[in-house]
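Each of the two complexes below includes chain A, the first together with chain B, the second together with chain C.
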Partner chain A sequence: MPVTIRHRALLSPRSLKDALRLRHEEPDAMPLAGCTDIYVALNFGTLPARGFLNLWTLDALRGIDVLDGVVRIGALTTYTALIQSPIVARHLPMLVAASREVGGPQIQHRGTIGGNVANASPAGDTLPVLAVAQAVVELHSVRGLRLVPFTDFYTGYRTSAAAPDELIVALHVPTPQGRQWFRKVGTRAAQAISKIVIAGVGGRQPRIAFGSVAPTVVRLPQTERVLASGGTILEAQQQMQSEISPIDDVRSTAAYRRQVAANLLDEFWRATGPGSARAARGR
Partner chain B sequence: MGRRGAVGSNVLRKDGAGKVNGRALYLDDLSFPGMLHARTIRSTIPAGTITRVTPRVATREFIVVDHRDIPGRNVVALIDDDQPCLAEKRIRHVAEPILVLAHEDRETLLGATVDIEYRQTTPNYDPLRSDVTFKQIAIDKGHVADGFARADLIVDGEYRTRHQEQLYIEPNGVIAVPDGHGGVIVYGSLQCPYYVHRALKVLLGLPDERVRVIQTETGGGFGGKEEYPSMIAGHAALAAIKSGRPVKLVYDRVEDMLATTKRHPSIVRHRTGVTKDGRLTAIEIDATFDGGAYATLSAVVLSRGLIHASGPYRCDHVKIRGRATMTNTPPNGAFRGFGAPQTQFAAEVHMDRIADALGIDPVRLRELNAFRPGDITATGQTLGKDCSALTVLREAVKRTDFRKRRKALKGTGRGIGLALFFHGSGFTGSGEVKLASRATLQLTERGARILVGSTEIGQGTRTMLAQIVADTLGVSYDAVDVNDADTGVVPDSGPTVASRTCLIVGRLLQRAAAEMRERLGDLSPSQYLKKHGPLVVTTQYEKPEKVSWDDTTYRGDAYESYGWGCDVAEVQIDPVTSQAIPVAFTTVHEIGRAIHPGLARGQIEGGSAQGIGWALLEEVVIRDGRMVNSSLTNYIIPTTLDTPPIEVQIVDNPYPQGPFGAKGVGEMPIDGPAPAIINAIRHAGVDIREIPASPERIQACASR
Partner chain C sequence: MRFTLNGKRTRVDVHPLARLLDVLREELHLTGTKEGCGEGECGACTVLIDGHPVNACLVPAAHAEGAEVTTIEGLRAHPLQHAFVEHGGAQCGICTPGMILAAVALGPKPSRKAMQAGLAGNLCRCTGYSAIYRSIEKARPARKRKRR
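Then we have the complex of A and B:
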C-alpha cells in the first residue's frame, strides 16, 4: 500500500572523497545509485532508511578495464554497460549472460553491479558469477582502501563484511580458467526474479555457486571437491544437498529448489566436465 | 447507399487516437479545485471484531469517515446486500475497509496512522468446510442412475483451480464531487455505471437524480471493475459529502491486488458413465466455488459455471450440484468467463482422462459426443443451427494436424492437447428480461450519436457499436459519435459484462438505427433536422420469442445463443526445471460473425494469453488470509516470451438474431487454454489436475 516518502534527506557528493567523508559523517545514509531496488522498497513501505547518499553522479566509480587477466569493474557499471563491454564479453561471458537476465532494458540501464552486491539479496543474478570467478570487492573509506574476497563478503542474510563507513568502489574479477556456465531459473522467461540461479566454471577444478538456495549466494567447495576428485555426479548431487539450505517462499518451494539445483549441477557437469562434448573433442 | 460497409472491416478505433497520442484522460489525470485525496484504512486480521479504532491524526485537518457517516444503508448494494461499505464491528477478511481518511495533501495523508484493536476469531480458508453457503444450484436432466446402469466404464476425477487476479493496467480509482444540492457526481474507472449509481443511491439514501456516475477512460476491467467500483465510489462519495469537497481515491497496485476481487477458486468433481465405444451415458458433477468473505456476485458466477459444467456434450442423464461458500479471504467476484473457465477446465481435462481410460483418441471421444443442432443441453435447451461444436473441433484438428502430431510427439518430452468449449452470450436465464436494457440513438447533423451505459474498457465497445449503427442507418462510420457513459445522459443499457454488449446492446442499437432510417426516408440527417427538428429513438430489450427460462426449476434456455471454440496447445516440459513451456497454440472460434475482425482477434489472442497465464503461472499466494505476493514482482503474468505465437481462426456462422449475425466474444477465449495445456502436459507424461501447473506442482506430480 502507498506510504509517504516525505521527511527523507538526500546527500549529493561531488567526488568520491566527498562521498567518503559524508559516509563517515552520516553512516545511516543509505548509498544509492540506479535506485532499482530502492524504489520498489520505498513504494512497499519496507525501506527504513530516512537519508540517502547519491552516488549516481560519481563517474570515478564507472568503467571497465583489464590488467593481467583481472577485470576491474567500477561499482556504478550498469548491466547495459556490462552487456556491451568487449572486455567482459571476452573474459567473463557468464557475466554478460547474467546481466541480460536482470529485469528488462529499463532496469538494465539503471541497475549497477555495485548495487547488486550491496543489496545483498540471495537472489542477485550476478552474485553467483562473482563467487565462482573468485572476485574481490574493493572497499573505500576515509580510513583507506580494503580488498575483501567476494566469497567472504556476505556474513548472513542481507549482511556483509563492509563497515558502516565503507563504500563499494569496484570489483576485481580474475578471468577464470575453464568453461564458464550460467543459468537462471526465474519465475517466467523474462522480467523475473530467480527461483534458483547457478554460475559455474568447468574443468578439472570446477567451481560452482548458487543463488536463491541459502541466506546468501553460496559457493559449493565440498561438491566441487567431489567432482574434482573424480566422484560421480550422483555423489556430487548428494554432497551439494548439505551445502544448500533453500526455503519455501512466495516464488518457489524448498523441495523444488533442492531438486532443480541437483538437476542444474548435472546439466553444468555434462556441459563442462571431463565427459562433456567439448572435452571429448579435445578442446 | 452503395458505400462499403463498416461492419466486417477493421475501421479505426473510436478511442484509438486519444490513447496513442496521450490525450485520453484516465481517472488519475483528472483534478478538481479544492480536491482532497482519500485513503482507505483496512483490517489486518481475517476474522474477528473491532474493539477500538483510534485515528492518530489532527482531526481538524483530516476528514475521517466511518460507518456512522453513512446516511443510507451500510451495504454495497448488489445481490444479497451482505457486504458493508465500511465495517462496523465484524471483520470477515484481511483488507476489509474500516475508515476513509481524506486530506488535501497526499503525502500528509499517507503519513497518517490509525490504531485498530481487534478480538480475533478462528478463520476458515477451506470452502469445503464452510458454515456459510451463499448459494446452491441443482441442474437435473434424466436420471443419472439409469445412465450409470448403461455404462461400460465409470471414470471419476477431481480438478482444482485457484484465484486469478484480473490485472487491468489501470488500478481502481474514482473521484466524487458534491453536486451542490446534497448529491454527488462520481467519475470512475469502471465497467457498469448504473451498478455504481444504484449502490450509491442505497448507501447515501438519495433519489435517482442526485447521483450521477460518469465513466472515465478505463484501462481494462476483465470483470474486476464490475462490482468493486461500487465500493470505492461509496468511500469517495462519503468523504465528498462529509467534506463538501471533491475527493479522489485511487489505489496503487499493491492495494488493488490485496483488497479487490479475484476469480473464484474451484473444486470440481466428475463421475462419468461411458460405453466401450465412447458414448457418454451419465454425467454427475459436484462443484464448490470459494466465494470469499461476502456473497457479491458468487450466486451468478456459480450459475454460469454450472450451466457450462458438463461441457459442449450431449448426454441424456446429467446431475449437477454446486455451491458457493464463504471463506475468510477477500470476496471473489467477476472475472472474464465468470465461472465457466473453472468448470470447463474440469470437464475438458476429465474428457481426456475418459479417452485414456477407454484407450480411444480424444478427438474421436469429442466427435462422438459434441453437441449438434437439435441436441438438448443439461438445462433442457434445444440447440439451433447456431451450434458449431463439431465445426470448430474439426477445424482445429485439421489446422494443427492434431492426430499425426500427437503420434509424432509421443515420448519426446513434448505433448499436444486440445479443449472444446462453448460460452453463452448475455445474462444467464431470465437475466436479460429483468435487466430490460435500453439504448438511445440521437440524430445529429452528420449522422447519429449513440447513448448507452455500455462502457469502452479497451475491448472496442464504442467502435463496434458505431459500426453497427453506421451500416444500419446508412451513414459513414465517422458520422457516428458515441456519448460518454454518463448516467445523467444515457439510458441504462445494462452492465458491460457477460459477453452481452455486442449481441444485446448491438441489437438494441440496430433496431434504433433501423427505425431512425425509416423515419428519415429520403432525407439526409441535416435535412431532417431542419425540417422536423430533433429525432431521438430509444429501444428496449425484447425477449426473442423462442427463449424461455424457469428460475425455480433451473430449466429452459440458459442463453439465447452460444459461441463455440476449440484450442490446441503444444507444450515442452523442461527436464531440468519441470517447466511446461507452451510452444504452439491454435484457437478456432465461432462467434457468429465478427463485427470488427481485428478487435475480435485481439480479444481472442488476449483471452488466450490470459488463459495461458492462469494455466501455468498466475498464483495468488495467501498466508493467514492475506495475499503475500500482491505486486507485479511476484504475481507472475506471462510476457510475450512466455506465450507462443497464437494462431487465431474465426469461423463464420451468422446468428440470425444477432446484429449482422454477431454473438458475444469477450469471455470465451479464456475457457479453453487451461484444459488444452493441461491435456498437453498429460500427453507429455504428467497427470496433473490442478492449476496453475507450476514447475513446482509438475515436479511434485512427476516424482509421485
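Then we have the complex of A and C:
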C-alpha cells in the first residue's frame, strides 16, 4: 500500500441524508467525487486531508433536467454525461464545448461538474460558463438547503461561500438569451490546463467571463457595459485590462494572458456582437 | 472489494482508497496495466470500467466496487492487438495497453476524427501516433483476417 493512503480513512454514506450527517459530524473529511484532481494531489503526497467522504455512489446527485428554461445539473454529473446530454446540447452548447476540452476521455468519464466547482481552481473549464449563464449553486446541509448565485460563490483564491458542513448538490443554469461562445487556450488541445479560458453570451447585452486571469473566475461587468453601450472593441479591451489581474505562473505569463484575453474578447465580439455575420443575417 | 475483473467475479482485501492501478498490479499481479505519470495525463494506466476508459491511477478501489473492469489481460487475441503488432502501433510498449483499451472503447471502424478524440488522453513518445491510427484502421474482426 502506498504511504500516501495508509493513515487515511474513507467515509461511505449510503444516502444524501447520511452524507449530510457525516459532513456535519466530520467537516474535515474531504468530499470525494470523480477524484480526477484529488487523486493527483494524493499520489504526490501533497494533500493534507486525513479523511474523505465518498460521494461517488450517491445517485441522487446525478442527472440533468430542465424546468422553465433552467437546467438543473446534479453535482456528480460527469463531463461525458454533459457532452452526451440532449438537454445540455440544446440549452447550453457552451457547456458541451467546455466539457469536451477537459482532459481526455478518461478524465471526462470521471470528472464532475460539482467537483470542478468545489475544487475552486481559477482555471476550471466549466466555471466561466457557469458565471456567464448566471448559474446558482444548490448547497445542502443538515440545516437545510441554500441557493447561492455562482458569481458570489467564490470569495478568493480557492475559497468559497460554502460552509464547512455544506455539500454542493446541484447547479441551476438558466438558458442564456444570445449566442453562446467558449474558447480555451492551452498548451495543446487535450490534457492541458488552460492558460486562459473564456465563455461569453453575445447580443445587445453581452456577458463575458474569464478563467486563469485572476484569483477566481471573473465576470467583466464594466467591459460588458462598454460593449452594450456601443463602445468600440478597443475601448472594451482597454476596460477589460482593469478587470483582470493575471500573474506569471507555470503555465503562462501575465503579459501573454493580457494580450490573449484582448484577442479573445475581439474574437468573441466579432462572432457574437451586433456587427457579426450572424447578426447581419437577421438572427 | 468485490468487482468483475475481465469477466471473472473477483474479491480482494484492499484499502478503499488504494488506487485501482495498485490493486491490479500489486494485489492481483496483472502488470499489463502500466503506470506512467500517476497524474491522469498520459493514459498508460487506462482500463475500462463498465466499458468506459478511465485512468486507473485516479480511481480509488471503492469506486470500482461492483463494477466491471477490463484490463489488457482481459482481451484475448483481439483484432486490435494483432493490428498493433503488424502495423507498428507498438514500439517501446509502455503506452500500448492503454492505447488499445482506449481504442476498444471506440468500437469497430472509428473515423480518424473519432480516433483522435478517443485517444486524446493517451500519450505516446515513440510512434508519432500515425502508426497507432493506422493500426486501428487496419484492425478487422478476426474471422475476416487473412491467415499468415
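One rule holds for everything that comes next: the second predicted complex is superposed on the first by the 280 of 283 C-alpha atoms of A that agree within 3 Å, B and C clash if a C-alpha of one lies under 4 Å from a C-alpha of the other, contacts with A are read in each partner's own complex, and residues count from 1 in each chain.
Everything below uses one rule, namely that contacts are C-beta pairs under 8 Å (C-beta built on N, C-alpha and C of every residue); 3 or more make two chains touch, one makes a residue touch a chain.
Being a predicted model, the structure only gives us computed values, none of them experimental.
By the touch criterion defined above, A:Val185 lies against chain B but remains apart from chain C after alignment on the C-alpha atoms of chain A.
Contact with chain B, but none with chain C, is seen for A:Leu264 once the two complexes are overlaid on the shared chain. When the two structures are aligned on the shared chain, A:Ile107 is found in touch with chain C, with no touch to chain B. By the touch criterion defined above, A:Ile5 lies against chain B and chain C together after alignment on the C-alpha atoms of chain A. In the overlay built on the shared chain, the residue A:Ile193 is in contact with chain B alone; chain C does not reach it. Residue contacts after overlaying the shared chain place A:Asn43 against chain B and chain C alike. In the superposed model, A:Cys35 lies in contact with chain C only, and not with chain B. Of the two partner chains placed by the overlay, neither chain B nor chain C lies in contact with A:Arg14. Using the contact criterion defined above for the overlaid structures, shared-chain residue A:Ser252 touches chain B, although it does not reach chain C. When both complexes are aligned on chain A by C-alpha atoms, chain A residues 1-2, 5-6, 40, 43-44, 189-191 touch chain B in the first and chain C in the second.
If you check the complex, the residues on chain A that touch chain C are 1-2, 5-6, 8, 10, 12, 32, 35-36, 39-40, 42-44, 52, 54, 56-57, 80, 103-107, 109-110, 189-191.
Only residues 39, 107-108, 110-111, 252, 254-255, 258, 575-579, 617, 621, 628-629, 631, 633-634, 636, 638-639, 641-642, 695-696, 699-700, 703 of chain B touch chain A when the two sit together in their complex. The residues of chain A lying in touch with chain B in their complex are 1-7, 40, 43-44, 185, 187-193, 195, 250-253, 255-256, 259-260, 263-264, 266-267. Within the complex formed with chain A, the chain C residues making contact are 14-19, 22, 38-41, 43, 46, 49, 52-55, 57-60, 62-63, 65, 102, 105, 117-123.
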